[in-house]
Structure formats: structure tokens, C-alpha cells
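You will see chain A twice below: alongside chain B first, and alongside chain C after that.
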Partner chain A sequence: MDHFPSNWGRPRNDAIDQYATYPIHSRPKDSFAEGVQRTQQPIVTGTSVLAFKFKDGIMMAADTLASYGSLARFKDVQRLHAVGNHTVVGAGGDMSDFQYIQNLLEQLIVDEISAQDHHTLSPAEIHEYLSQVMYARRSKIDPLWNSLLVGGFKDGEKYQPSNPRRPLPLTVYLRFLAYVDLLGTTYSASTLATGYGAHIAQPLLRKAVESREEILTEEQALKIMEACMKVLFYRDARSLNKYQVATITKDGVKISDSKTLDTSWSFAENIRGYGAQTQ
Partner chain B sequence: MTSIGTGYDLSASTYSPDGRIFQIEYAGKAVENSGTVIGLKVKDGIVLAVENLIHSKLLVPEANRRIQTVDRHIGLATAGFLADGRQIANRARDECASQRDLFSRGPELKTIVNRLGLYVQAYTLYSSVRPFGISTILGTVDKNGPSLHVIEPSGVSFGYHGAAIGKGRQLAKTELEKLKLSELSMSEAVLEAARIIYLVHEDAKEKDFELEVSWIGPESNFTHVHVPNELYKEACTKAKAALETFD
Partner chain C sequence: MPGSMVAMTQPVQQSFNPYTENGGTILAIAGSDFSVIAGDTRQSEGYSIQTRYAPKVFRLTDKAVLAVNGFAADGNMFVKKVKQRLEWYRHAHAKDMPIRAIARLIQTMLYARRFFPYYVYNILGGIEEDGTGAVYSFDPVGSYERETCRAAGAAQSLVQPFLDNQIYFKNQTPAAGTQFPQHLPLTSVLPLVIDSFTSATERHIEVGDGLEIYVVVASGSTSLQGLQNLRGVQEVTGTTDGERVFVIRRELKKD
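Then we have the complex of A and B:
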């Protein structure tokens, strides 16, 4: 019996959908109908995303520029995306692919809410999901052209192996920070940076943060972030002096309004050897 | 029933000589035997409440819930066959997902109700299927404010200020009419809903039941969730107290 009314009275294509098991919106299509199309290069792109752990959680930042090649095309694009109440995803790379990922994650959260099982997705689960999506797409030779940082903070349970007399789990808050890119590559560290920031800001972050993850306060973390964003704005030709900061703590996700960097360019007139100067 | 179909009730694709389709009417009977479900559209939100009849003491509490979440902001409650309710909820979720896929925003309830209505109606056309043995109440709060709809086994749907389906619907409707729905706050509506469900249960007192209440509105951050425990307990206590004074 065919349980999809839209099929009733309509000839069935036995080659594709022998038992009519697909609901209307996901009925298989002929994959060659519109020709095979794949992403071969990113078009409208975002640059670096920075993130690191601090005492109370995770801090992440990205500027608000989406470039069209070398043209600064869109100057007010949010590249940090909250997923549920515990996680933020920050994206560099192709912005249309990022918007697609945002839609995927939105539906994922809606499905999770609909289940009504009192379970919410943890940052680690969201990262795992993204890594599977990214790897599946690159395996189709049609990658989602992004590098993503996933940062989050969620309560979890931890057993105390040191004390077998007290097997009760302790509720602990777990910071999570990991990377995934268009190849499906993943890694995790207490400081992470994508794109140009991986070259320019990562060393600065390591110096400022590593071994101080449990000490840094939110104010200190914000200062470090600002310093790194400033260096990136000076050095990265695809960057902008407007950026947003996301903090994920036990109180949930907070994404700031866009902040403007205070920069000075007076040194520029002393530079010799480029451009139109005659001497 | 006075006029049993005499040969015209074996298929949903056959009319009786006086123009009725008995299979649809029988589906209506399946709804009438079910525990009462009510929906209230109040000032700034929606409250859904269900009299969930417990058929066995061995059941785990909160098993077989009859209020389901379809999308962030859409709640659905059914009276009739529980399994048909699950099917309609899954279909509603698929419709919402497809709307989100197409338009990248939360779906409008009106669209979802129309499409579910078409779906339910399709099951009244063919001899090989049976109509849905459920009536469905759907509620949402969106940019146009709260809205409440009911879909019946025939596939028709209407918008309501207050809706009641299932066994105790008549009494529930009279009680709903006494309320000034457009002036009630969300928590007042929860208390009233609980009172009405306890009241209509009086007639089937020998059966155990579990009250189920959900809401959508500012208190729930405009998402569809079951009401918080404290409010739920308060509603139950006050509903029981109101029963004593009602007679």
C-alpha cells in the first residue's frame, strides 16, 4: 500500500522509488536533470575566526566582512552563529555555504526540540555532526567551502575514577572548542584560529592563553581578543575593523553587537618603496 | 447509531443514498470516545490541555503524551487514536521542514493547517485506506499573534478562539464560552484549562487520567513547551479545589 496520497493515481517510477518510501519533500530526483554542479571555488568569502578557552568558558570572534574576491563587498555580515543555548559556530570561507550550514543546524535544533525528550545537543555533538556533513560533502567532490570553529559550554557528568566509594556522577561544566574544515579535518586545542588568523593570530593567542586557561577572566580574554583582531586588521587585506565577539559561559550564549577597532595609520606616510611617492 | 450504513459504510469511497460517507462519521466516533482535549487562544498566547486517560496502572508516568511539538513555535494535540496522532504530527513536522527549506524561516500555521487538511482529506477518497480517527488542535504564536486551529477527520479545518474535542467537548465548550479569553493572561489560562479538564473528567471518574498542559507565549520565550512543574502542580491543586465548590 502506498501511504503517500500525492502518489495515488500517479504512475510510479519503479526504477527510482520501487516501494514509494519517500515523503514528498525528499523524493529522489534524477541527479543529472540539471547537470552535475559542484563548488569549485569560494565566491563571497569571510576571513579568519579566532577562539580560545578562558576561565568561565569560550570566547570567539570574527569580523563582519564578506569579500567578493578582493572587493570588500558586504560589511555587515554576522559570521558567528548560535546553535541552541550552549554552542556557537564561527565560519570563514564561502558565506553562501555558511548560510546553508546555518539552515542545516536550525533544522537540527528544531528536530531536537520536537523530540521532546529533555535532551539538548551538546557542543561536541554539534561538532561531530558538522564534521560528518563536511566529510560527506568533500567525498562527493562537492565540498562546503568553509573552515568552522565550534565553541561551547555545557553541563555534563563526570565519574570520579579516583574514588570508587563514591560512584555518583559529579555535574561539571565542560568547555568545548574544536575545528572542522571543508575536507572534514578536525582538531581541538585551547586556542584556535582559521584562515589568515591561523598564521598571524594563532602564535599570539598561544603566547597569551596557553597554560592560563583556568585563570583568564572575561575582561582579560576580551583584551587578548581585541589585540589579535587589531593585528589581523593591520595585516590581513581581506579584513575589516568591525568585529563581533561571542562568549559562551554557563549562562548561555552571548553574541555582542559589532565593535569598531581603534587603529592608527600615521606610520603609513613614512613608508617608502611602494606606490606613487617620488622620493 | 440510528441508521447504520447498511452496505454503504464499507468504504470511504462510497456515498450513502442520502449523501453521507459513513466511514468519516465512524472516524468521528473514534474521536468522541477519546479523552477531552482543549485549546485556548488568550491575550498573548496559546494553552493546550489534554485529559490523558490512563488505561493501565503499569504505565510509566508521562508515557504516551498527546501534546506534541511540531516546530519551535507550533504545538499539536490530538483526540482519537494515539498512533494516528503520531502520524499527523510527523507529517506536520515534514511540512514545517519543507517550508523552512523553501523559505528559510519559521512556517506560518495557516499554511501547515491547510496542507494537513489536504492530507487528512485524501484519506477520505479511497477504498484502500481508512480516514484518520483523530481531531487535531494546532496552536502557534507568531508575528501576527496567537492562533488556534482544529482539523477534523473529514479534512475540514477552522480557526477558533477556544476549541474542545473528545468525550467532554460539550461541557468544555460551555465552560470555554464563559471565559473572557481575550483578557486572560497565560498563567490564568493554564489554571482555567486545568479546571475545565478536571471538570469534564467527573463523568468518567472511575478511570484514572493524567493532565497534560503546554503553552506558547512570552512566558515560554515563544516556543511550544509543557508548562513548568510549579505551575502545573498549582493548576492541579486549584482544579481539584474548584471541583469541590462547583456542585
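Then we have the complex of A and C:
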């Protein structure tokens, strides 16, 4: 227990002081000590985002918590952001940087509408834009501290500009799902997860989804997503039992109201060191 | 020693690291009139597999293929910039840049970033203007040389000694009255490439999932026979005359 009120609620630097073991006089320095500075570490953070492909499109989920270090600071923050009618961007990492990204995307959409050429940005184009922004910022050593998932239903796998000669696949897939982070690293797969979810939910998602992308219905997809969010809530100390699900299909983007997870803690009674024990 | 005490007790603010390492391995082998450039398709960070399919080998022109390995974001950006320079060259000169010129271009592009390098090992393979197979290998800041074969990336230390032995015949003595060949035929090179990657997959955790082998063949080469009826081969040539480019895709173990 830290007995110094001035330290309460301050985020620890998990990279250095993982278990708050440093004596107070030699604590890693306060994030605000030098006034305005570049993002050197995330402050108010969101945890995992999960997404995967299913028969009719993409499903993505994130809980609604924005943490301040280990403090559950904001409990109703939307981390899924619709961009136009075909794309959703989900964010983990620093929430103020995410708000800035939302702003950039909003401007981008306004510019596209202003052109009045009846062209709307595809998910692949939005992902390319974001990856260039993220890579440019990391190259200035002034990163946007986020892991982003971009999911959409429009130009997807048929987009192969690098090779005009390669014949398009007969079945034209329209789904798009890709990742980009603060380093500008990008990749695509049929199941994706950021943050803690990459370790805990990704194996579950791969087992449940891989090779079934063309079969899974929306209801089945929702079940899988709920199971994964539940495991994350049980295991990730920076998570919340309140989350939102986005589905992107040919009908456009749908982001649900926040859902609550049913969890059971009665087992804790029987575990030594969890509940009230007499000995 | 107050100085060293401070270093021991004061935690240092960890600064942002703009680099990471994304695993994988690439290799290229030059024949007398062909060149083989291959890479696995796994992309990882630490112990996590990010994706099982992220290409590391790219067709630049009909006579040049580039493999990039190291930090994936830098690699993708570097390939993008090289392709752009090649397109500008095409618009200016109405022909594709020759491979030795691409090699020098890559060296200047890498050295231009000497003090904030692209953390990428490049291997360029293709056909020289005289019709011979060529492999150029680079370090992240642009040092380069033309070679017969080169492996780079996570399993370089596993694959390169194998290639030294099998391509350069290092530590082997020819039978009395015979000589080792200067160049191997494509039919011998392809199995060596596949074996290199299956072995690297066995022994290195960052290698696996899929294998993409690009084969660039000089026009009129005898290597064309036997290539076209290979399993899983696909032609990706851009023009109708001159060199031809093929891709062979294989699965690798995914564990």
C-alpha cells in the first residue's frame, strides 16, 4: 500500500515498475513532470480489441473501459469508431491519441464527401491511410500510442494493385480485416486481437474461426465473441465486463449498445487466498 | 562510487523504441541463367505469431525480385519506395531498370538513412543484362556485393552454412579427376531451397507457415522445362517477351 496520497491514481510505468516495488524516493519520474512533451508512454489506456471474419462480414469487439494506470478511470468510453459506411476502426492504447485519430478520420471523410465524385473510401484505403500516419509519426519519434484494428466490408481481398496480371479469384471476397500499431507494423489475418487479447483471446479465436470463415453465421460469431470477452474479463486486470460489438456486413456498419457479461465468482469462495478465509 | 550507485538505484526512463524484429527468413540463389528468391510468410513479434501470411518477397520488374527481412514496417515502406523509383525510371526511360542499377539504387536509398536506418536486410535476385543469374545482398545501411547465394534473417545462421556446403561445396573434396560445377541446375536448386526452409522451420520458432519461391528465368533458358508443370507454380510475368517470373507456393509447418 502506497501511503502517499500524491502518488494515488498516478499511472505506474509498467515497463519499469511492474509491481510498484520501487521506493518512493526513486520512483520513475512523473509523466507530467516536464510539461508538454511527446507521447513517451500511454496515460489513459484502452485494453484489447478483438475482430474476426465470418460468413457475412467482420465482427469486432472492445470493452468500454479507459484505465488510468491500474485505476479504472472512465467506464463508458466507446473504443469502436465507424468510418463512413463500410469500415470500423477499433483502438487499444492511449485514448487521447485515439481521439486524435478519430478526428483525422473525420476530416478524411469530410474531404472525400466534398469531392462529390460518388467515391467512398474502402476499408483497405482507410487502413493504408492509417498505416502511413502511424509510420510517419513513429519515424518522427512522436508515436500515436495505439494498436488499431480496421475491419470492413467493401474492397477487400480482391484489391491487388501490385500485380495486375494475377487473375482475380473467382469468388470475390469483399471482407477486409487488418492491424496497424504505433510502429507502423501492419498485417492481416482472419482473426486479429490487440494487447492482452493477442495472448489470451487470439488462440481461442483461431481455434473457433479458422477454416470456418465462410460458414459462421452472425449468431455463432456473436457467441464466439462473447466467450472471448468473458475470458478476457476474467484474466485481464485492465478490462471491464461491459463491451460493444460492431458488425460490418453488406448492410453497412452496426455498433451495438454496450452489453454486460454474466460472470460467476462463486468458485472464489473455495480458493485459498481469494475469499474470506479463517485460516 | 556515488556515480555507479545512482545508476543502480535510479531507474532510467525507458524511451520509445522505433524498431522491432518481425522474424522470418529469406534466401536467394543464382544459377547460370536463372535466379531463385525465397522467403517464408510468417510474421511474428516475440513469441506471438501476428499472421501466417505476410509476403516478404516482391516482384519489382520482370528481371528483378526483392526479398526484405527484419522490421516489417520498414521493409514494406522500403519496398514501396523502391517500386516508386522504378516506376519513375520506367516513365523517364521507357524500359525497366537493369538489376545492377537497382542494386546501386538500393544501396544509395539505404545509405541515405545511415543515421536512422531502415532495419531491413535486403536480398535482390534476378537476371543481369548479359543474361546471367544474379544475387545481390545488402546490410541495413547499404553495404552490398554480388554473390551466388545468400540467406538472411532469423535462421540465417542455420541456412547459410548449409548453402555454403551445398552450393559452394565448402568442406567437400571433389572425386579424383573431377571438378565441382560453378552453377547448379534449377532442378537441384529448388529442392535445396525447400529443404533449407523445412529445416529452418524445424529448428527456429520464427520460421514457418508458408513458403514463397520466386524463380526468374532468362529468355530462352532451358530451365523453363520442368518448371511449368511443377506443383503449385504460377506465372507472374508482366510483359510478353524477355525474362519470365514464376512463384511456387508451399506450406510449411505451422507450430
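Things to note:
Rule of thumb we're sticking to: the second predicted complex is superposed on the first by the 218 of 279 C-alpha atoms of A that agree within 3 Å, B and C clash if a C-alpha of one lies under 4 Å from a C-alpha of the other, contacts with A are read in each partner's own complex, and residues count from 1 in each chain.
Everything that follows uses one rule, which is that contacts are C-beta pairs under 8 Å (C-beta built on N, C-alpha and C of every residue); 3 or more make two chains touch, one makes a residue touch a chain.
Just so we're clear, the structure is a prediction, and the values are computed from it rather than from any experiment.
Counting the residues of chain A that each partner touches, chain B and chain C differ, and the larger count belongs to C. In the overlay built on the shared chain, the residue A:N270 is in contact with neither chain B nor chain C. Legend: residue contacts after superposition of the two complexes on their common chain; A:A198 is shown touching chain C, with no touch to chain B. In the superposition on chain A, A:S70 makes contact with neither chain B nor chain C. Contacts of A:I141 after superposition: chain C is touched, whereas chain B is not reached. In the superposition on chain A, A:I113 makes contact with chain B only, while chain C stays out of contact range.
Of the two partner chains, chain C is the only one touched by A:A189; chain B is not.
By the touch criterion stated above, A:Y179 is placed in contact with chain C alone, chain B being left untouched.
In the superposition on chain A, contact is made by A:N103 with chain B only, not with chain C. Residues of chain A that lie in the contact sets of both chain B and chain C are absent, per the superposition on chain A. Listed in rising order, the residues of chain A touching chain B in the complex are 1, 5, 8, 23-25, 103, 106-107, 110-111, 113-114, 116. Contact residues of chain B toward chain A in the complex are 65, 68-72, 93-94, 96-98, 100-101, 104, 119, 122-123, 125-126, 128-129, 223, 226. Touching chain A in their complex are the following residues of chain C: 9-11, 13-16, 18-20, 22, 43, 45, 48, 50-54, 58-59, 71-73, 76-77, 83, 116, 234, 236-238. Those residues of chain A that touch chain C in the complex are listed here as 13, 15-17, 22, 26, 28-29, 38, 40, 131, 135, 138-139, 141, 143, 162-166, 179, 183-189, 198-199, 202.
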